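Structures given as structure tokens follow.
You will see two complexes here that share chain A, one where it goes with chain B and one where it goes with chain C.
The block that comes next holds the complex of A and B.
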């Protein structure tokens, strides 16, 4: 019962947080952390549920950011013909949706590829994919402005009765927007993994030959997972582009993928709450440390925290907390085998 | 050794009217020059328990891999209900009702027992991605239906009381039973069991034989690879003996047991084992 309440309590806390937390800098940290958590949740769908390690996940984030930014700014493409292909500035939400779809399309491509190259080769291919994307963003100056970056990106907007369409410039509304998108992504993943489709994905992670032998078309479900995960990462990228309102090729940097992987692994891959817990921890940690330590010390502590968690809680914080909770809970003759299971895990 | 005059009786003429669940025709498998199966032909009549036996390395598991599409044969065809299985992927073959278990891990270890069987029920569900994302009304009803079926299957193999347990925490014998439950969930017409009783103690084996018989009595044809000769001879309606990649005998268990070729193949092994 407590476990079912927990997500709601957490959501209520996060939704009411701006009521007492008025420090704009804290809100800014929470917005950028929240955007990363959405990325980490989408990575978790691949890494945690289908068991495929994509180290190029930031590519989908960047594709979403660039597509959404370009569509909202408008662009023209010289395709070698007489007339350049011109796209005028689009409404922000259409641009945002375009970013999600573009990222999802690339996700489908990578998903199909994942079945030709597996394991370490897939990891290499995905890293290269993100690198290629960065090179394209750097060098296709006509389209992306290269290192000069895309600037003046309009913020996302809402329509309010009486007020009309208003741009979301301030921290508070962006905070609520990111929270809203994160909730949608959470619900989507939750519905998905607790379904026939999600079980097919987990079957691929757990035992691929067995999954195939009971008639699961693993290729199909891996592609579905990558499309959804890439779309979500694209949404996170779109949020990012319209929040900071500038996008440069560094959104494709490898370190961002690593950050998302750290969030997923420390929080607990293959759990719904894992990326959120890991994301909040490693999103907040640098900021907390900034107050008390010199920069070099900050990064050392960051690294040590990560190593300690992975070393002592290899499955992540969320599964470990679950076990602790089972152990501390008063043992009553519970229905089913919960007491027995807790006992087993204690001895393990 | 196989130059002996005893020809390979592919199918007794008397059994002509019995419908055939599986027809393996002159299948050969070569691994870069190494002959795993020279030429193998046999039929599995519908509704029977047929055992494929032979010394280690005789090609039994290779045969399973060919039948279920995990390995493409160098030559030959495998027919099932008019379809040529050799051209199909494992998941398409499963869709035709040919389902197997695996020798080592035939479970999804990180999932609960119930989830294992629900995963096996994949083909009996219809929910697709969009419906799952939006939790459309039909999804819940289907989940209820599949859970009921899963509970039935678990009760059948005797694991109903363990449904919430993590599969990795089950005893070895229970894991073997769970492997069968997953395969049964996939709704097989022909079930291939790869050494399902390996490592079971005698009482577990006894219970296991009851389950396999129960499966046959439900109308499922069973093809079994097993080393436990007592089990094979008790349970089988028909036995196919493989040695060095070719079939050396085929028939009723009693007949096969007294076949001089079979005795030689097995005793030869036994003597070598004893000396080693």
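The block that comes next holds the complex of A and C.
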């Protein structure tokens, strides 16, 4: 009962948070953290449910950010033909959707290529992909402005009755927007992992040859998971581009993928709440450390935290908290109850 | 033609250090099944140690190189002892995450200790390039190539001609059987990691005087080392040497004749291409790993 209520309570808390938390800096931190949490949730689909350690996930984020920014600014593409291919500035939401679709398309392409290999090979292919994307963003100056970055990106907008279309410049509306997108992603992932597709993904994580032998088309499900995860990461990238309103090639840096991986692992991979818990923790940690430590020390703490978590909480915080909760609650004799609850833990 | 020969010479010199980086990484993977994300940091560490010894303490340059390599060996042994030994038997993703964490902590430590300003390692070589026919090469680059080739030969001898090498090869093939034959697997793992780390550190110490030394210098190098190892097939030592030279030639000629901006992307494009065509690397290892 409590477990069903918990997400709603948490959502109510997050939605009403701006009512009493009016500090703009805190809101800004929450917006950035929220964007990363969406990225981490999408990564969790691959890392947690299919068990594939993709270390190029930031590439989809960056592709979403660049595509959305370019479509909203307009661009011309000189592909060597007589006339350059000119795209005028598009409405922001069309641009945003374009970013999501582009990221998802790349997800499909890379999924098809990368899932020819597993394990260490897969990890290195995904890293390489993100690196190539960064090089392209740096060097295709005609399109991306290279290191000069894309600037003056318009914010996302909403239509309000009586007000017309208004740009979302302030922190509060961006906060609510990110929260809304995060909820949509959460609901999509939740439905997905409870579906046939989700069970197939878990089956191949647990035992790939066995999953194959019972007729699960492993590569197809892996590609489906990658397309959805990439689309969500692209949405996070789009939110980032229109919130920060500047995009440079550094969005593709490896360290951002690592940040998302840390969030997922810390919270608990393969759990719905894991990326959110891990994300809030590692979103808040730099802010707390900022008061007392230099950035280098923060990174040292990050690295050590990662090691400590893998050593002592290999399943992450959410499953550990679940087990603690099971131990503390008063025991009621329920037939078959433990087995059922143990099963629930992994999907909680 | 002159340009072509110059590119060949440059690629050979680059390839030597790439091969050193590659064999260290592939050795660690082949024997320990660890994807070592601290490799690039060991490279950086080697370069900083060379800077500290030759630059700050004004030691002899050649002595500094040897000491930097030994310090790399010591750091590698420490990492293995503290982080990897407790995780023996853990799955590959677990050790990979621990190594990423260690890599982040090491890089941040280097930033903390040395600051963000790039350093240069003083060296006794004249700066005027040697001209051999149409090709001109800096004397230090020639020295680096010479040391790299000597180390590669020494390493080959170590693996194929000594008892230690035999024990390593046995562990590589089957740790359990090797243990039954009296090979101390724990020691073997520590030695392997320390040796691989030492090779990365000496590569950093050798390239430090040619390039500049800065805390994030290992990032790209680590990724290139992965590219080299993938090219050769994970765990394949001769493959890593060839992979190192292949990558160097592709980069050098790609930068020279295609686009210099994409120089660093060549390796990654190469990996993606190789894995599409031959998913187990150019020189397929005996088994699928993962």
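Brief remarks on what is shown
In the analysis below, the second predicted complex is superposed on the first by the 321 of 348 C-alpha atoms of A that agree within 3 Å, B and C clash if a C-alpha of one lies under 4 Å from a C-alpha of the other, contacts with A are read in each partner's own complex, and residues count from 1 in each chain.
Here is the rule we go by: a contact is a pair of C-beta atoms (placed from the backbone, for glycine too) under 8 Å apart; a residue touches a chain by one contact, two chains touch by 3 or more.
Source: prediction; values computed, not measured.
Of the two partner chains, neither chain B nor chain C is touched by A:321.
In the superposition on chain A, contact of A:188 is made with chain B only, not with chain C. Judged by the touch definition given at the top, the superposed model places A:210 against chain B, while chain C stays out of reach.
After overlaying the two complexes on the shared chain, residue contacts for A:272 are found with neither chain B nor chain C. Of the two partner chains, neither chain B nor chain C is touched by A:77. Interface residues of chain C, counted against chain A in their complex, comprise 29, 35, 83, 86-87, 92-94, 96-98, 100-109, 111-112, 219, 223, 226-227, 230, 234, 259, 261-262, 264-265, 267-269, 271-272, 275-276, 279-280, 288-290.
If you check the complex, the residues on chain A that touch chain B are 188, 191-192, 195-200, 202-203, 205-207, 209-218, 224, 228, 270, 336-338, 340-341, 344.
Chain B meets chain A in the complex at residues 68, 70, 89-91, 94-95, 99-102, 105-111, 115, 118-120, 122-123, 125, 127-129, 132-135, 139, 142-143, 146, 161-162, 164-166, 169, 182-183, 185-186.
Within the complex formed with chain C, the chain A residues making contact are 53, 113, 116-125, 127-129, 131-132, 135-136, 138-139, 254-255, 258, 261, 265, 294, 296-300, 302-307, 310-311, 314.
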